[in-house]
Every structure is written in C-alpha cells, then in structure tokens.
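Heads up, the next two complexes both have chain A, just with different partners, chain B and then chain C.
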Partner chain A sequence: MKILVTAKRVEDPESKIKVKPDGSGIVQEGLKYKINPFDEIGVEEGLRLAAKHGGEVVVVSIGGKEVQEQLRHALAMGAHRAVWVNHTGTLDQLALAGLLQKVAEKEKPDMVILGKQSIDDDQNQVGQYLAEFLGWSQATFASKVESLESEQEKNKVPALQVGADGKTVRVVREVDNGLATLECALPAVVTTDLRLNLPRYASLPGIMKAKSKPIEELTPEKLGVDVTPKIQVLKMSSPPPRKAGIKVPDVATLVDKLRNEAKAV
Partner chain B sequence: MPIVLIVAEQQPDGHLRKATLNAISAGRTLAEKAGAELHLALLSKDPSKLAEELKVQGVKAVHTAAAPELEHYLAEVYAPVIAGLVQELKADYVGMASTAMGKDLMPRVAARLKAAMATDVMAFNGSGADISFTRPMWAGNVFAEVKLTTPVKVFSARATEFPASTGGQPAGEVKAFTPKLEASKTKFVDFKEVKSARPELTEARVVVSGGRGTKGDFKEIEALADELGAAVGASRAVCDAGWVPNDLQVGQTGKVVAPQLYIAAGISGAIQHLAGMKSSKTIVAINKDPEAPIFQVADYGLVADLFKVLPELREALHKLKE
Partner chain C sequence: MLHGYGLYQEEHEAFRRTVRAVIEKELLPFAREWEAREEFPRELYPRFGELGFLGLKYPEVYGGSAAGELYEAVLLEELGRCGSGGVSAGLAAQFTIATGPIHLFGTDAQKRRFLAPAIRGEKIGALGITEPDAGSDVAGLRTTAVRDGEHYVVNGSKIYITNGVRADFVVLAVKTDPAAGHRGLSMLLLEKGTPGFSVGRKLQKLGWRASDTAELFFEDCRVPAENLLGQEGQGFYQIMGNFQWERLSLALGALGAIEDMLEQSMAYVKQRRAFGQSLSGFQVVRHKLAELFTEFECARQLTYHALRLHVGGQYAVAQTSMAKKVATETCCRVADACLQLHGGAGYMMEYDIQRHWRDARLGPIGGGTSEVMNEIIAKQLGL
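Moving on to the complex of A and B:
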C-alpha cells in the first residue's frame, strides 16, 4: 500500500510568538522551526501502516528550500522518499490543497494522511479541501479508543484499520461528546488528531540513511496550479492582555473575592 | 440583497446542538454589517421539529432538507446538499459553528464552491461588500484580520465569542428544498457517546479543570464541579495519559471554553491550554508552583496543594448556599 503524508514547516510550538509592531506578520528572529506536530503523527501512522501491510510512505512538503529540513526529518523517521513542491511566498489553503491534489494524482496513493491543522494558521481545512478536490472519502480527526499508554501503542499497532480486502479503512474520529467510527473506501484522505499515536524519534542510522533518500522537486508551474492567494491577511495583532490578577493567601479570601468582587459564585 | 446562510447542527441524539444558536448570532452580526438577509439550513432525516426551534430573531427563512440518507452526518453527503442550496439561493456567505461537524463539513462545502474559508471566526469587521473576519492563529497568540476574495465566502464561528440567539420575533418561514444527494464512498459505522450528568464543557457556566497535579485522581475536581453545577475539564497531559476521556481536553487542540468562572487546579498553564480558556470571565488558579504560567492569566491565584484546598473550597461554597 502506498501512503502519502505531509510535513509542513511551522514554528516550534514551544516558541513565543510575537506580532511585529506594524502588524504585518510575526517576528521571525530567534524562532525555531519544526514539522507540524499533527503531520508528524500522520507520518508515524503511515509508517505503521506500511510496516503492517507492506508498501511505501512518500512525504510531501510545500515551501522554499528550508522545508527540506522537514522532509529529511520524515525520511529519518523512516519515510521512503520525498516530494518537494518548491515555492516561496504565501500559500492559502485553496492553493495548498490544489498542489496536494496534483501530487496525489501523480503518486496515486491508497491514502493521504495529513495533520488536522497546522499550528501556525490553525485553519483545519486542507484535508477536507483535498478530499473534495479528489472526490475521495474523508475522515478527519482520526483518533483511537486505546490510550497513548496502552499495549497497542507500545507495540506501534496502527490505529487505522485497513479491511481484509484492502479496499477500505476504518477510522475512529474524535468528535463532540464521543467517538464516531467511519468506514472509508480507499483511496481516502485522513486527518490526524492528537491521540492517534506518539511519533517515534528518528534513530541515528535513520538520520544517516535519510541523507541519501531521494527528494523529487516540483513547482506549482510544473503541476499546473494557480496559487494566487484568495485569503488576504490584512493585519495581525496581539490578543488584548488580561488585567493582572492577584494571589490570595487562603480559601476564605478566595471565596470572599469570588462572591463579592467577581460575583462569580 | 446579499444572503448569509448558517447551517444548523442536529446532534446524534436528535436535539439541536446549542452552538447553532451562537452561530446564528454570528450570522446575524454579519448580516447586519453586510446589509444581508439571514437564512438557515437544516438537514435531517426529519427536520420538522427542529425547524420550529430555529425560527429565532432575525431569521428570514429556514431551508429544510429531509431524506433518510441525512440521518447520520457525513461530510460527503452533506457538502453537495449545502453547496447546492448556496447556489440555488445565490448566497454570499455560508457559515456554521466551529464544532467538530462544522470543522469537518465547511471546508468540504468551500472546496465544492471553490471558495476561501476562515476558521474559528471571532468577529466581523467593515460594512457592505467590504467585510473582513477576525480569527485566531498560532494557538490564539495572534489575532488576524483576513479578507476572502472568492465570490462565496465560507466561515466557521467560534461559539464562545457570540451570544446564543433567543426567541424574539419569529419572522422566519420554513421552506423545504430537495437535497442534491450523491452516493457516498464513506459509511457511518457507529457513534459512541461519552455520557455525563454534568453540563457540556463548551456550554457550562462554570468549568473546573484538573491537570498533571492531580496525578490522575479527579475525585476532588469532580466533587467541586458537582457542588458548583460545573463541567469538568482537563489539560492535554491528563488526557494523553488516559486518566480522563479525551473529550474533556481544554486547549488549542481540544475544546475552547469561555465560562463565567474557570477553576484550574494542578494545571501549569502551557500555551496550548491557555489558548482554550483565557477568554473565561473569571479565572482561578490553584497550583503548588508559584512560578506556574497559569498565574499570569488568573484573576485569583492560590499557591497551595490542590488536595488540601479543593475540599476546603467545596465546603466553603457549600456553606454559602445554606
């Protein structure tokens, strides 16, 4: 089975994001970059599926030369080869999904696994756009019943269950008030939620091997996709700060403040 | 006149998801700014009962589609129906609450309409044809004002930023339309509800949340929640460890809540957690570590062992009632 996974380059989730004084963007200096954590979960799931069912994991990233770092990261985790769509400049979700559609049509995977959202834009859209553009089945927010401390997780059992005939995949989705299970005909688009798995660390031999794995370079022009943004960011700002709070010495003071000052109880 | 179309959500148990009423408020705010009419869409096996509940203030029409295929929500089935209605009405805006369904469905609708979309919209700016959307990025560390340049504009609205719509003048009429149904490559298998006698997290007036400091023992969190009639929440670490169900997670990647009172016990306050609760009206933090970042957003901080002070707090609150 062939699985296409994504590796978006995003700011390290632990880094402090500050808006530029003129509101034109965020301050880039001093920031570290990583693979989008949700995409990393997608890479891990792809590797587990390939280990169980055989096949190939192809990782794709879109951006300037620097996204090769994220591709190498996924290759070091164990992905077999990489596709790099070389483009500098802003891309919105319509453009990203359009590019991924062309890559998927070229690669013809059985499944595309993406993060449910990237932690920079937080749009939570690309997987759904992609599924519609391809006319494929979609299962967003993939999770599993077992916890991340379960035996299944320790044994790296894939959470996505491919049917015996290899034509379907069962996905447990994290939704409001519970878990919903879908059965998707393959090929399908799956987006990952946090508790699908714990991604592995890249091993040293993995990192060495990744250096010689192939990265194919494509461009929006080669793929025939118009990437003119349809979403314009006019201005960015920092959220209004909360007014400074106080420390209270004991429960009695807390209850008094809650009752008489905040009128919350 | 331009049209704003808001999609209603029916829960698996047949009831209206309350966030729909907040999304209708969002739609009304947008309609006022854009000089537009507000219309609603309801897809269901049997929409007759819920359609009446949707005749709330400012709604021009409730468009209902009835079909057995619409019983269990599936993006592939719902998206063509909504997109078809948008084209039929020539709607300019289509939106929904940012629930799991809203986030799953709206991008697929947008893709079908070749439309751009803004997720988790918190406010609408401008007037007439010049409308922009305010939405969070980087876990709520940045608010971005964005403009969508496609003819149809799609959005999901963050329910906690808009009040729930209420009765008022029931001007709207209910209009049935024939859904454009397509064969689905996806089958609904089942839905397992996590049942709780407590209020829903995103709808509760008070939320009591526990973090790593509980070491997985939620008894005192739950007891305090029950004393206050509150919902129980949790930090990501606690859910990941399997100590409490996943759907209790408050945070950027979990639920975004904005109750009147949020009590965080044993939660350090990672950026990802703060993004999910810092719009709460009053925040109380209880933590042994005086340096915990949660104290930076708390109105009232108590540096203490939660196992010692939560029972005291519960008793003190109980006495207030007497």
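Moving on to the complex of A and C:
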C-alpha cells in the first residue's frame, strides 16, 4: 500500500517564541525548527503500516527550500521518497489542503496521514478539508491510549489496522468522552493524536540512505492551485502574563469573591 | 549554536539531532539520579550498541558502521551535554580508549572476540595504563608480564581505571622486558575471571561521579599468549597512537560541556534580577560572557583544526596536545566563571553548574596532564 504523510516545518517548542512588536508575526531570528511532532508520529505510523503490508511511504512538505530539512528527517526515519511543494509566503489552511489534494490525486495513495494539528498555529483543519476535497472518508485523532484493556492487548493491537482485503482501515480515535473505533473505506485521510505511537530516531544508516533518496519538487503553479489566502491574520499578540493568585482566609471569603468579584457562581 | 565550520556536513548535523534526541529522552531525565547513586545502568551499553553509537568508526564486519571519526566527534560533543560527566566518560571509554587499540592493532580473531561484542555493548571494556607509582611516566610502568609457555604471567596493579569495576575485558599495558624502558612495554587483552585478576574498591571522586573508577590487581595472573596485542615491545607506540583520539575525545567533550554551561548561564543572567534589573543588564556581566564565548571559540577552532588534521590522516601530535590542553583548561575556566555568575545558586547542588565545575577539573589531568601536553609540544618543537 502507498501512504502519503505530511511533514510540516514548525518552530521548535524548546525555543523562545516572541511576537514581533508590530504584531505581524513572530520573531524568526534565533529560532530552531523541527518536524511537527504530530507529523513525526504520522511518519512512524506510516512506516509501521508499510512494514506490515508492504508498499511505500511518501512524505510531503510545503514551504521554502528549508523544509527539505524536515523531508530529509522523515526520509532518514525510513520514508521512501519525498515531495516538496516549493512556496514561500503565507498559506492558509484551505490553500494547504488544496495543494495536498492535488499531490494526493497525483500520487494516488491508499491513505493520507496528517497530524491532527501543527504545533505552530494549532488549527486542526487541514486533514478535515483534505478529506472533503478528495471526497474520501476521514478518521481524525487516531490514538492508542488505553484503547484495549490490558498492556498485552495494547501492544498486540495497533490503533490503525488495515483490513485483510486492503480495502478498509479500522482506527481507534480519541474523543472527549473516551475512545471511538471507526471503520473507513480506503482511500482515507487519517490524522494523528499524540499518543498514537513513539516515533523512532533517525538512525545513522537511515541518515546516510536519506542522502540519495529523491525529493521531487512541485509548485502551486504546476499543481494548478490558486493559493491566494482567503483568511487574513490581522494581529498576533502574546497571551497576557498570568496575574499572581491570592490567598483567601476561609471558604466564606472564597464564595464571596467567586460570586461578587469573579461573578463565576 | 553555529556548528559546521566546513568540517561537519549536513548528515553530521542530522546525526547530531538524533544524538540530542537520544540524550534528551534517555540520559538527561535520569542523570541526576545516576550522579547521586554514583553509577549508571549497565543497560546503557547495549542500548548505545543498538543505536549504533559504539561502532561509528569501526568496520562493518565487526558490527560497526564505518561511518568515520567525525560522527564519533559529534557524539562526543553531545555527550558533554548529557548532564553527567561520569556517564559520558563511562560510555566514551568504551568506544574511544578501550576498543581503539584492538581496532588499530588487534588480529581478526581478537577483534571478533573483543571488539565485536564491545560494539554491541554486550561486553564492557577498559584501558589499564596508570599505576599507583606511574601515571605520567608511562615508560616507568611496573606491572610485569613474563612469558611462560603459552601464557604471560602478570604481576602488579593499576589504578584510576575507568569502567574497571564492571569491565569484561581490560586492554592492559605491561612490561614484558622490564630492563628495556619504554621499548619493554606491551599490551595484553585481559578477560574478567582470569585467575589471579581481582578488582579492588570502587574509588570515590570529586567529579565524574557516575562513572566507575577502579583499582585492579594482578597476582600470578595467567593470560593466554594469544591475547598479546601486536608484537612484544610495541606497547609504548600503541599507547601513544591511541592517545591521539583519546585526547581529541576529551577536547570534544569539553566543547560540549562548555556550550552547555554557557547556555545555562545565558538563561540565568537574563532571568535573575538584582539592583532592579536583569544580571545581563550589567555591562560587566555582558562582557564576562563575551569573553567566555570568545575563549570557547578559540578552544573550538583549535580542536577542530587538530580534528581536521587527524581525520585527514595526519599524526598531528602537537596540535592534538595543544587542543586537549586548551579545550580542557578553557572548560575549567568557563565552569568557574559560570558558577560565579550564578552567585549563591551556583554553589548549590540543585543547579547543574556545580556538577560541571567538578567534572571539568578532570580534563587537564586525565589522558595526560597539561604539563605532559607541554612536554610533548616542546618535544615537537625540537626542544
């Protein structure tokens, strides 16, 4: 089977993120970047499925030249080849999903795996748009958390299972009140949640092999997608610093403050 | 921090990211506990073996990856930031000093018996040169090995041997011809369990707390003659040859430690406030850090210069000795200055800087002291 996985370049959560004084974005200098952790989980899941069922994992990233770093990382983890949609400048979620749609139509994978969100904008939209654009079934928030009773079972039964006929996939997904198991017809779009798996490290042999794996370059023009943003970011600002808390002497004061100051009860 | 310097390529940096991820997930969270216990789990050796970290410069037939010394250099730098000089030392001793001589001078059979399981992390190795009565003066070693039929009979002792307590084998420097000075030295591969070989107490140390450092004793200890490394009488040259990479490895580890301390201190001076402003608001603090970064850069450039010569196949004795001395001494000065920048906090066990300060102190002593480095450099100058 063929699996297409996204590999977005995002700011490393370890680096200090500062908003530009004019609110037009974040300060880029001194930032480190990495693959979106949810995408890394997607690459891992793709590799496991490909190892089990045969086939290949194709990674795709959209952005300037620098996103090749994230593609190489996914290739070093074991992905077979990469597609790079070369575009600098802002893209909204609709444009991203539009580009991915065209890549998917070109590649004809059995499954597209995306992160449920990327840790920079936390939008949680692209997977859902993409499934809609493609007209495919979707299973979001694929997860493994305590899905099946015992440790043993957890280890035995993965959260993503492709049916014996290769035509369906069963996905355990995290929802507000627990876990839901879906069965979708393939091809399908799946988005990953945090607890789906623990991604492997890029091994040294993997890093060496990644050097000679192909990265195909595409552009929005070549794919015929109009990426003019439909959404405009007006302003970014840091969350207000948290105010220090207060101590109250007794429950009566607490209730009083909640009622009269916070107006919470 | 800027890496590369025309020395490391993109794939070395990719490997660095992997090493960092491993260190962040598998070493850093436990380093404090291991430091306090003065031991790290033996399982780290097979784990590092599985990750391919113990055989980066060794041939594939023995389970290595033949990737080359630059990858090992990356690993050594990053281990300098693993939160414990002892963990770094115990692991690095395995892939630098203990297995290096076997790789360089061993026969195929010896490599299969000792190198291959060490690359897998199944066997722990140590290098035994230093003795109670001879450290810097390698030619003056006193442990003897007398040939008796198919064996060497070893008598004497070793001290300060990293990994000595847990070692499954020791690459041992012995005198096969006590009258011949440095030409009388040879190297033997000694296995744990050989009758007459015993391990003394685990030594307690100022720094490198999590590593095991031992005293070893040999009493009519019979080592099979086939365990001789190379030829009799070659020991001194083998030791000197092996020292090159050991010294570079200590310099590289020091660079990693310096980078870590500077990062910690930068964060501290920005966050800590005194007299109504951040410490970094004081020019004297800013200039101190500017000086420390400059010293760091000097040490790094010299080390990379020696490394470049070494991987280019040159026997760069002078540059390697200079780099070892400069990088390890810079590390001590940086540690002291960074501790000072932390004020009272720097003296507290809670902060990692005191650990660096203690660990750094070994640098100008181990693997040949700074004075011995000066001796070597002077000799290279023809003095």
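Note that the second predicted complex is superposed on the first by the 229 of 265 C-alpha atoms of A that agree within 3 Å, B and C clash if a C-alpha of one lies under 4 Å from a C-alpha of the other, contacts with A are read in each partner's own complex, and residues count from 1 in each chain.
Definition applied: contacts are C-beta pairs under 8 Å (C-beta built on N, C-alpha and C of every residue); 3 or more make two chains touch, one makes a residue touch a chain.
What you are looking at is a predicted structure, and each value in this text was computed from that prediction instead of being measured.
Novice: With both complexes overlaid on chain A, does A:His73 touch chain B (first), chain C (second), both or neither?
Specialist: Once the two structures are laid over each other on A, A:His73 reaches chain C alone.
Novice: Give one of first, second, both or neither to describe whether A:Pro205 is in contact with chain B, with chain C, with both, or with none.
Specialist: So A:Pro205 only meets chain C here.
Novice: Contacts for A:Ile119 in the overlay, against chain B (first) and chain C (second): which applies, first, second, both or neither?
Specialist: In the superposition, A:Ile119 contacts chain B only.
Novice: In the superposed arrangement, which partner chain does A:Val27 touch: chain B (first), chain C (second), both, or neither?
Specialist: neither
Novice: Contact-wise, after the overlay, does A:Leu182 reach chain B, chain C, both or neither (first, second, both, neither)?
Specialist: In the superposition, A:Leu182 contacts chain B only.
Novice: Looking at chain A, does chain B or chain C touch a larger number of its residues?
Specialist: On the superposition, B touches more of the residues of chain A.
Novice: Any idea which chain A residues touch chain C in the complex?
Specialist: 72-73, 76, 201-205, 207-208, 210-211
Novice: Which bits of chain C are touching chain A when the two form their complex?
Specialist: 10-11, 14-15, 17-18, 21-22, 51-52, 56, 65, 67, 71
Novice: Can you name the residues of chain B that touch chain A in the complex?
Specialist: My answer: residues 11-12, 17, 74-76, 79, 99-101, 103-108, 110-112, 114, 116-120, 132, 136-150, 184-194, 200, 206, 228, 236, 239-242, 246-247, 252-253, 260-261, 271-272, 278, 281-284, 290, 295, 297-303, 309, 312-313, 316-317, 320.
Novice: Which positions of chain A touch chain B when the two form their complex?
Specialist: Where chain A meets chain B, its residues are 11, 13-14, 16-17, 19, 26, 92-94, 97, 117, 119-133, 136-141, 143, 147-150, 170, 173-185, 188, 193-195, 229-239, 242-243, 245-248, 250-252, 254-255, 257-259, 262, 264-265.
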